[in-house]
Structures are given as structure tokens and as C-alpha cells.
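Both complexes shown next keep chain A, but they swap its partner, so chain B is in the first and chain C is in the second.
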Partner chain A sequence: MLESIISHGLALGAVYALIGITYNVMFAASRVFSFTAGMVGMLGGVLGALFINRMGMPVIVGFVLTLASGAVIGIVTEILTVRPVLKSLDQHLYVLSTLAFALMIQQLTAIEWSTEPQPFPRLLPIGRGIFDQQFWLPMLACALVIFGLEWLYRRTLIGRAFLAIAEDSYAARALGLPEQRLRMASYALAGVIATLAGFSSGEMMLAYFGNGPLLNFYGFVPVALGGMGSNRGAVVGGIALGLFQQSASVLVGGIFASVAVFVVFIIVLLARPEGLAGAATARRV
Partner chain B sequence: MSPTRRRAITRRQALAGAGASAAALAAGVCRPAIAQSEPIRIGYLPALTGPSSSTGIGINRGTELAVKEINAAGGIKGRQLELIVRDTQSDPTKAVNASTELTRRHKVHVMWGPLNSGEALAATPLIARDGVPQMHPCWVDALTDVKKYPLCFRNAPTNQQIGGAANHYVFNVLKLKKVAVVSDTTGYGTASLTAYVPMLKAMGAEVVYEGTIEASNPDVKPEMLRMQSGGAQAIMPWSVNAGFLSRLINTRSEMNWDVPIVGQTTLGSGQTQALLKKPEYWEKVYPNNFRNCCYNEAGALPPRTREFVERIRKANIEMSDTLLWWIALGYDAPRLIAEAIKEAGTEPQAIAAYWNKVNNWPGVYATITFTPEQHNGFHDNEVVMCRANSLKDGAFTLAPGYAG
Partner chain C sequence: MPILVLLVAGCALPLLGDSYMGVIGTRACIYWVLVAGLNLVVGFAGQIAIGWVALLTLGAYVTAVFTAGTVVPEQSPYVALVLAAVLCAVFGLIVGLPALRLRTFYFAMTTLGFATIVTQIALAWKSVTGGGIGVPGPVFPWPFDSPWGFYFFCLGLAIVFTWMTTNVAASRFGRSLVAIRDAEVAAESVGISKPALLVTIFLFSGALAGIAGGLFASLQSYITPDAFTFDLSVLFFIAILIGGRGSILGPLLGTIILTALPEFAAPLVAWSTFLYAALLLVIVLVVPGGIAELLDFKNRRPLEQHRQIRPRPDLVSSVIADARPSSVLVVDNVSLAFGGVRAIDGLSLEVRSGEVHGLIGPNGSGKTTTLNAISGYYAPQQGQILLDGKALPPRAPHGRAAYRIARTFQTPRLVGEESVLENVMLGGTTDGRSSFVEAMLALPRHHGDEKVLTEAAMTALAVVGLEQLAPVRADRLQHSELRFVEIARALMLRPSFLLLDEPAAGLSAEEIKRLGDLIVAISRRGTGVLLVEHHADLIFDICDRVTVLNLGKELASGTPAEIRAHQEVINAYLGA
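Right after this comes the complex of A and B.
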């Protein structure tokens, strides 16, 4: 039982954290919560299976193409669903535009791929067990992403430009930063992270169009728990969610595990609406 | 105006009267002639595209073959069968629109379909309202009701029969008394669980585990450990989700737990097979099937099915990507319709009255019996279980324990 909680809990938690980070990267660049995050995550599994299983490409080529596709979808998301509504952020039109695009992605996947779960290839030729690759690959992906983002934001010029946009886009633009191109780059980066989440968890979650809404929701929980915009908070929130969900599944079982997750989620938000790691925002009066 | 003038008939009036009489005479005389030569219209609602299309495509091959054969043999009293096909695209809304178009605009004599339950649930009340006789193969129990839908008949089993056959196999054939029943969270899954658990208990089985799991949950091991610790001797999953079913099968094998898995037909589907970690994990998995479309232990099909398969081969109908029982089911329906129209005519009530008397009709897919009180024509004993890993040319081998 304990092994199941740890292996599946940490792996699922890492996937949720990666989707949470995807939400954050897009939010930081545009102040928009794009509900395409989970759908692009789902595409990571589907495209991986398509390139490697169906088209017979080597794993590394399939991996690179999947991430590249994620970047392209990220850019398309920015152009089609975010840019047109940025001028009226207060009307929250992005909820409609990003949700509509997310549904389009899901329906197209259902039509062109399959409505049935499809097998995802085994990525490395090593054996199975408690420390199976289907468990540690998502954790490795999560660790790489969090360290990579830390490095990008703190050690590179472009990373600092991202932070500047996130802090104050008007001031950043006034300083001559190419806001639009940086926002597109952020969305491309978010697409890469989401597809990495789906690709690394493909064997565990299968290449299945139904994973999209699940990732959309469970990936949003760590963002709400960890605080909007906080990647570290998303990782802590995601891992906690995965472990809690799996513990609830083992201890109370079946459908009650989901109920337990929602109950804790609501309690935490009631106690700390800004999230566990988020800072309370001042309201202009 | 004088009486003489009042009685006078002008030439124009005489011509108009003669014309009207001629038209009335022509209509009266010619209409039966046209009606007797016009095709018999069968409204047909398969899902040929979309998520439920694999079933529809299989059934369609049988339906087209039957209509072709009937028409090649001269039709029904000289009238050809005309299938008016509308692809529902696996969408209940489109099924509703298409059924209304077929009953009202095309004024079809009979409806065949819709072919899956979601669409039939939406379309059947409308077909009944328009007074058109309907034959469908959908399993949801509520889809036949002699009071609500007196013209609606089913040439396939009900969900009760499907669950009953699985329960019978576990309890009476395998003689296992402790059973774990599990479903996914879909309407089908939970409804099946609610229906089949009381049936098992009524038979005397001990249901040691009864649970619902989200189909997308990647880890079913905790639930299976609960089943194991409860002493389950068989697992009965009710779901059409291949991912969920394959996880149950994979986990059972990885736990080195040697209990049979008995349940819905998807257990034996190619999608489920594709998700198994090892082919041998498919051992001791027994999905529902139908006696007439199963091989016996010697590898032989029943005689009338064997003869049907020969005809399919001669007609160059592809069987490798579909199931024999889908083709057979599609083949039986137009024949039942044609027979009713041949014997009783095209009046809706007459067709229903004929079907109400159908007794042991020897279909390829099933032997059918209807009565005025029972429009579910499938016989209980023809729903069986088969070996999931025995698929050959679209058909499976009977599960161990059945007499061939």
C-alpha cells in the first residue's frame, strides 16, 4: 500500500505540478489563465504515441517533435485566444476564448486520434518494478523544469525580461522590451512544459483524449493551492495533491478519493484564498 | 335568376367537371398501381462516423448484404427494399434530426436503428410518436416498452440479459461464490453496478467488493487489493473504457492473482488488447458474447452461422477489422422487416402485429421470439461468455464450461 502511495502519488503529483507551472508561465506573461494547459498536456501523450508508435520514429525524434508541437500550439494559443482579449482583461473574455480553444483541441484529438485510450511506448529499455520509469520519468521531468526555469529567470537576460513583463508589462514596454514577442515566447515555453508533462507520464496515463479535462482541473489545483504565479508553490501543491489523492484512494477508495481532494481544496482556499505560498494582494480603493 | 337558367350548365363548367372527374378517376385507379411498385422505404440510422462508429460500420456490412440479397431475389412481391441511410455521426442530436426527417419527410415504412443506446434513447420516443414501426439492437432496458412504444422491437439482448449471463457464468458455471463487482463512474458503469449486484445476491453469491472507480485513474491497485483481501474469487468489471479494463487486467497479473475477470464485451476488444503489458495477461478473461457467433471447443461455428460466413466471404465483405456478431446482427434486421412486410403489408399496426407473433425465428445472430407483452426478442440462453484471447475471423471461442 505504502509503495503505491509513494510511487503513484509522487508521479501524479509531478504531472499536476508541471501543468500548474504551465498555467503560471502563461499567467506571468499575460495575466491570463489559459485553460489550454491540460489539453496541451494531454497532447504530449497523444503526439508521443503518434510519432513513436504509429509513425515508427526513434524515441528521441518523437520526443523533440512532441515538444516542438507543444511550442507551436502555445504560440497559436497566444495569437488566437489571448492577444485579441488582452485589452479587456477585466471582462475575463479569456475564459471563453481559451476554453473554446481547449475544447477544439480535445474534439480534434478525439476525431483524428481516437476516443479510446491508446498505448504509449516504453521509452527506456529497462525493467519494471517499484521504481519503474513510468513513475520516475514525470518526477525527473518536473525537477528538470523547475531547475531550468530557475536558471532561465535568474541567470539569463531573456529570463529577466520575462520577469520584467510579469512584474509590470507597461513599464517593461516603456523600457523598450518587445512585450508581444516575449509573451509569445512564454506561451511557446508553456507549451513545451505541458507536452513534457504528457510525454513523461504517457505510459502511466496512456495516450487518451480524456486526460485533457482531468489535467486541466487537477493541474489548476496546485496553482490555487500554491499561489498564482508561484512555480515553487505549484510544485509543492502538485506533489501534495498527488500524495493526498493517492492516500485517499488507498484509505477510503474509489470515487471518495476525488471527493476528499475537493474537500481539502475548498478548505485550504477558505483558509488562505491567496494560496499557501501566495502573497495577499492589495486592493486599490 | 330563373329556375331554367339555374339548371343550365355551361360548356366551361362541363369541361371543368369532366377534367375533375378524370383526375379523380386517375388518382383512384393509379395510386394503388404506383404504391404496389414503389420501393419499400426503410429508414436506417447507423453511426458510420464518430466515436461509436466501429459497431455501426460492422452492422452496416450485414445490413447492406441482406438488402442486396433480398432485392436480387426480386424484392418483396416485386417491390425493392430501399435503405434511406442517415449517418448519425455518433451524435444523439443528429440521430433525432435524422429520425424526424425519415419519418416525416421520407415517410419510411419501417425504421432500423438507431444502432447505439445513446442515440436510441433520444430518437425512439419521436419514432414512436410518428407511429413508425421500429427495430433496434440497443441494450438499454428502457428502450423497449410495449405500453410507451408499442411499435418498437429489439432484436438484441437487454442489459439485464448481458449482466444475467455474466452472473450465471460466474455463479453456476464456474461455481464461484465470492465476487467483486466494479464499474467506472459513467452512467453505464454505475447503472450496471446497481442492476447486477442485487441479481448476484439474489442468486446466493456473496458480493465481497462493490465499488466505482474513475476510468482515468491510472492506479487501480488499491481497489484490487481490497477485492483480494475480501476473498474475491472473480472480478466482474462493468465499463466500456478499454483503458480502465486493461488496467484491471494488467494489475491482476502483476499481483500474481489468478482469478477470472468476467464482464462486458469490451474486455475482448482490440483496444483492450493493445493496452495489455503482456499478451498472456489476457488469459482467464471472459467477455460477453453470443452463442450463434462463437466457436465451440472444436473450433466450429453453429451450422447456420458457418453457412453465413461462407456467404460473407463470397460477397468479399471484410471481416478482419470487425466482429462477426455485428455483421450477423445487421444481416438479421432487414430480413425480419422484409418478412413482416411480405406477410402483413406496410401498415404500421399490421407489421407490429406480425412481429408480435414471431416465434423462434432463426436469425444468424439470434433466435428471436416476440409476444404482444415482450418486445425483447433475444433468448436468455444465447447470451454467453467467451475467451477474450481467442478472436479469429471476427469470432471468439466459448468460455470453458459451456456445452458446444
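Right after this comes the complex of A and C.
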């Protein structure tokens, strides 16, 4: 039982961490949290099942197409719902525009795909039991993304440009950085990360439109608790959340797990709105 | 007027003789009962509460369980409905509380999480809710047991709650909510306590949602967790935004349209939530004001061009009727640093009643920071602010109005979507005597408040010379006019001390001269004025004393003549 808690919990945690990173990548580029993070994550599973199971494509083709779709949706999100409301950031219209777009994605999936969970193809012919691929694939994806992002941000010019935008977009623009294109690139990257999360966890979470809101919430919990923009916080928080949720649902039932996570989330945020590791809020006047 | 048309249409609905229309009408009324309350939270206070279906669920189950009598002794449906309202008021507060501390997106997420949790609990708590099998809904006794009887019951409640929320919206509570949404900092400066106000609104809105839940359970006749999909939450939320923020009629129309639309276009039923979402996106991007803005013909009339502001200093005595008592405001050795930057460094100064005290200095010398420390936005790391020898609490900006300390801001902070008159009335919020309940029920004391505030605001506007613009939306005014509206708002407090942050910025030479006369007239009523300004002429013309700041420290202080001759001041700031 313990093994199953750990393997399942770690896998779940890795998915939450990836969605958390998705939130962060978009936030860094635009100071905007987007409700599309979890929805695109859900699409990773649905599109994977669509391409491979329904349309009979080879796994690798389906995989690449899924991630490419994620990138496209990311770019559409940026153009349609973020860019038009960026100039009036203080009115928080982005909450509404991204929520609207996320709902459209969810409803379209429910209508055109299915409202029932659908099976996701087995990706590799290896691994059984607690070392089943459905558990280690999300962890592998998470590790790849963390190291990939680290490499991108530290070693490449475009990665440093991302950081510059995140730090001070005004100054970055003054330096001649193409802020708009970098922001689109960030959203594309976020879309890829989210679909990767959904694709790698497809076998565990199934291709189900209802995963969207769940991923939205449980992916946001580590971001909020770890401090926004902090990928380390998202990973640590996500994995802790996955382990806690899995053990609670095995030991005392899933409802208790949901309620407990929710209560902890609210209490921590009320006590420290900036998150456990975040910095204090900025000046207002 | 349009509300009357809707009322007549609502009463005439049974004449169609179509019982299915009755069901749709009943549903629209029930949804509106919830939306009417939520509208104050979302449309007026600007809190993005998207999971309000949680309270509908709770209200439905509470009413159903108490009337079923399986778990607790059986109650009459009316008692159950009241119980649902009370319980949901408390839960509305619990769901809403995070809004006091959290930023918008976070709050939206918490309400979303709450909606998910409540449905899960309803599924799991089989002994009470019947789990997936559900419980029967309450049946109201004669005359509300027939479909049309129940329709009129719901319609009656909807009318009562429309009346209540309209009263709240038109009261100082409604104005304060909008101020929290659009100009939070200014709202604090006029003495609005965001926590107290939001708590009231969440209780009220929760109670309405609970009642809506009870009615919904009765309409459904049998409730299961499936009945409370998140789509309902989306409908409620979007009805408000389509209708327009800060309006009652708009969201009412929005609710009716969204409830009825899918019924008349059967193929659209599956797509309804998708269409709502698409509509929301279009509204946000194209008409952020919603239906209400489209219906607002009054504010499309062009304003007179080349308007002149002609303040009437002679009228100041009619706003500040009793001369202010003698008093002294002391900044005592205050230091304040942001990170490594010492914005103010051991500053002391004294503002006395009836004096105009100038505060000048180069950019970044700490002038505005001094004002912010006095008005309680920042807590000094050292030193304190004293009023007649008593220390003012730091970090309590909304408490300053009670001490009759008013201020204006460097960038005017007004509620753009409200009229100039409403903006000015905001300044008198602390003088309102009626309670929320009195305002909601439009009791005499509320009418008294409104009358007094309106008259005072019109006089204050006359003082600054803007009374013709009273009914105009504030965001249509010129920048210089906004500065004078802020002064009018500050005058509503009959301030003992008035802090002005660069009031002359952006004004013409002629206007600056008139502003100077106005400031002097105000100070002659016993108000102490602390004037931050860059226009040296204005400062030297009207100030009784001047303090010069440089790098957060006092460089010099004295009479205008002394300062003008001060060599260091000339070198650092005035120039030769």
C-alpha cells in the first residue's frame, strides 16, 4: 500500500508541479495568471487519445502533434485573451478573459470529445506494478521540464531575455527586446509544458474533460503556497500536495483529502497571502 | 422605468397559458434572487466570485433536508427557507472572507475550489443528502403549491429583493462598494472600511443565495448533486458581466436572457455554456460596460467645450459651517525607508489650524511619502504622527476620516464610472447615520442621510465651481476638473486638516491663481492645510509657513520670505 501511495502520489504531484510551472511561465511573461493552464493540461490527455487511439497515429507522431497543439493554443491565448487587456492590468480583466477562454476549451471538449473519461493509449511496452509507466512518465516529464527550463534560463540568450521580461518588462523593452514576441513564445512554451503534463499522465488520469478544473485548482495550490513565479516552490509544493492527497484518499477517503487540501490552502493564504516563500506585497499609493 | 415594464410582463406571464413558460419564468426569478445578491459582490464590489453555485447547493440541501424530516425534525418550508438563508449567509461570509486578504485571481480560485468541494460533499454525505440518489425538494403549502402559485411566490421574492438591492445600490453603501472596486485607496481616505463593508455584503449575498437554493430545490422537486453543475455558476457570473458592472437593470436583463435563450433555441442547449463563455470574452474585450453601458444614453450627450473652472471661495463657509476648533498636527521625527532607500529621514513638522503649510522640495525628496505617512498608508519605522498630542495609529488609512483629516492625490483617484456628484458624496461617507439594514429597507433615516449628503455635495461642488457637471460621469472630465472634484470630496469631511498633493499640477496660470484663493479661504475656516507643490509662486503667495525637503530631510523651514532668501534652498531647489 505504501508503495502505491508513493508512486501514485509522486506521479500526481509531478502533474500538479507541471501545471504550476505552466502558471509561472505565463505569469513571468505577462504578470497574468491564466485559467487556461489546467485546461490545456487536460487537452494533453484528450488530444493524445484522439490522435493515437481514435486516429491511429503512431505514438511519437501523436506526441509531437499534441505538444504542437499546446503551443498553438498558448499563442492563441496570448493574442486573444491576454494582449488586449494588458494595458489595463489593474482592472484584472485578464481573470475574466482567460476564464472565458478556458470555459470555451472545456465546453468544446465536452461536446466534441466526450463527457465520459476515455482510455488513453499505453505509450511504451514496458513497466508494470508500482513501476508502471503511468507513474514514472509524469515524473520523468517533470524532471525534463525542470532541467530544460533551467538550461533555457541560464544558458541561452532567449532564456535570459525571458528572465529580463519577467524582472522588468519596461526596462527590457527599453533595451530593445521584442517583448511581444517573447511573450508569445512564453505562452507557447507554457502550452507545451501543460500538454506534456496531460500527455504523460494520460494513462493515470484518462482523457477526461473534467480534469481541466481539477488541474486548474490543484496546479494553482502549489503556486499560491510556494509564492508565485517560483518554480522550485511549484515543484516542492506540487509533490507534497500529490503525496498528501494520495495518502489521505487511501487512508481516509477522497472527500477528506479534497476538503483538507482546500482548508489548508485557504488558511495558509489567509495567514500569508504572498505564499510561504513569497516576498511582501508592493507599494500601493 | 424599464423595470416597471419587466414587472408588468412578469405579472402578465400566466396570460400566455403556457405552463412551460411558467417554469422558465420561475427559474429566471429564482436565478435572479441569487444574482441580485451576487451582483453586489461582483458588479459593485468587483470581487470575482465565480463559484457561487456552492451557496445555491447548500441552500437547496438545507431547505430540502429540513422539510423532509428524515435527519432532523420536520419543519415548515418557510422555516427551512429562513434557516437556509441564515446558514448560507454564514457560508457566504466564509467563502468571501479570503477576498479581504487575497488578490483577484486567488480569490476566484478559492471560490472555484469551494464550489467543487460542496458538490463532492453532497455526493459523499449519503446519510443526509442521499448521495447520488438525492432528496425530495420542499413543497410550499397553498396557495403556492400549484405551478403558477409557486411562480408568483418566486416573482414576489424577486421583486422584494430587486427593491432591496436597488436601495442598497443607491445608498452610501452602494457608492462605497463601487469605490472599493475602482478607487480603493481613495475609498480608505474617506473612511470606508473595506472589511466591514465586504462582510455585510457577503452575508447579504449569501442569504439571498440560500433562499434561491431553497426555491430551486422546490422547483426541481427532487435534487441530486448533478443539478448543481458549474455551468450554473458560469451563468450567474456571466449574467452580471453581460449586464454591466454597477447596474441592477443590466444584470436583471442578463439573467432573463441567459435563462430564456437556450429554451427558445433547442439545438443550442448543449452549446449554451460555450456561448455564454464566448459572450463573456466578447463583452470583456469589446464592451466592458455591458448592457448597462449600451443603455446609458444620458452620458453620450456632448459636454460643453472650453470649460472654465471658477471656484467660489466665498461659499466655503457654507460647507465648513462651524469654524474648525484650534488643533495641531505634528510629524515627530519620522523615518521611513523602502528597502535601502530612506524616503524620509527624521522629519519633523507642525501644521496648525488655520494655516497653510507648504511642503516643497525636489522630486524624490519625500513629500508624498510624508503625506502617506500622515494619512496612515505607511507605518513610520521611527517617530510618530500626533494630533493634539495623541499618536495616530499607523497603517489605518480608513481611520483618518474620523479625525477629520482629508486628502487629495497626486494622480486624482476618482470612480470614473460614477457621476461627479456621487464621487463627491463619497467624501461624506463617515457622516452617514443610517445602518445597512435601514438603507436596504429605505427607512426614513436613510432618506435623511441622502438628502443631507446630496445638499452638502452640491454646495461643495459649487465651492470648486463645478456644479454644472454634477450629473456627468467622472471619467468624462478634464484632468484639471478632476483635481477640483477631489478637493470637493475632501471638503465633504469638513476637514480639520487637509493634505493636498500637487493640486496645481496641470492647471493653467489663471486656474492656479483661483486655486490659491480657494485654499486660503478654506484655511480661514480653521482648517490646517498641508500643501505639497512644485509651483513656487503659489507656495510663496499663499503659505504661512514652508518646509523644504531634500533627500528626506528638512533642508529649511520658516516663512516664505525666509525660505526665498535661504541660500541652500536656492542652490538645491529654487535656482537663482
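Assume the second predicted complex is superposed on the first by the 278 of 285 C-alpha atoms of A that agree within 3 Å, B and C clash if a C-alpha of one lies under 4 Å from a C-alpha of the other, contacts with A are read in each partner's own complex, and residues count from 1 in each chain.
Here is the rule we go by: a contact is a pair of C-beta atoms (placed from the backbone, for glycine too) under 8 Å apart; a residue touches a chain by one contact, two chains touch by 3 or more.
For clarity, every value in this text was computed on a predicted model and none was experimentally measured.
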Checklist entry - Putting chain B and chain C onto chain A via the overlay, clash or fit? => result clash
Item to check | Partner chain in contact with A:Q180 - chain B first, chain C second, else both or neither | outcome: neither
Checklist entry - If you stack the two complexes on chain A, which partner ends up touching A:A224: first (chain B), second (chain C), both, or neither? => result second
Checklist outcome for this item: Partner touching more residues of chain A, chain B vs chain C, is chain C
Checklist entry - Looking at the overlay, what does A:I255 touch: chain B (first), chain C (second), both, or neither? => result both
Next on the checklist: On the A-aligned overlay, A:P117 touches which partner chain: chain B = first, chain C = second, or both, or neither?
Outcome noted: first
Checklist entry - Which partner does A:L12 contact after superposing on A: first (chain B), second (chain C), both, neither? => result first
Item to check | Among 128-136, 182-190 or 542-550 on chain C, the segment whose C-alpha atoms clash with chain B after superposition | outcome: 128-136
Checklist outcome for this item: So the chain A residues that chain B and chain C both touch are 111, 214, 253-255, 258
Item to check | Residue numbers on chain A that touch chain B, as the complex places them | outcome: 1, 4, 8, 12, 110-111, 115-119, 204-206, 208, 210-211, 214, 246, 249-250, 253-255, 258
Checklist entry - For chain C, which residues are in contact with chain A within the complex? => result 48, 50, 97-98, 101-106, 108-110, 112-114, 116-117, 120-121, 123-124, 184-185, 230, 234, 241, 270-271, 273-274, 276-278, 280-281, 284-285, 288, 338, 368, 372, 377-378, 409
Next on the checklist: Could you list, by residue number, the parts of chain B that touch chain A in their complex?
Outcome noted: 50-51, 185, 211-219, 221-223, 225-226, 241-243, 246, 271, 274-275
Next on the checklist: Under the stated contact criterion, what part of chain A meets chain C in this complex?
Outcome noted: 33, 80-81, 84-85, 91-93, 95-97, 99-101, 103-104, 107-108, 111, 213-214, 216-217, 220, 224, 253-255, 258-259, 262, 265-266, 269-270, 273, 283-285
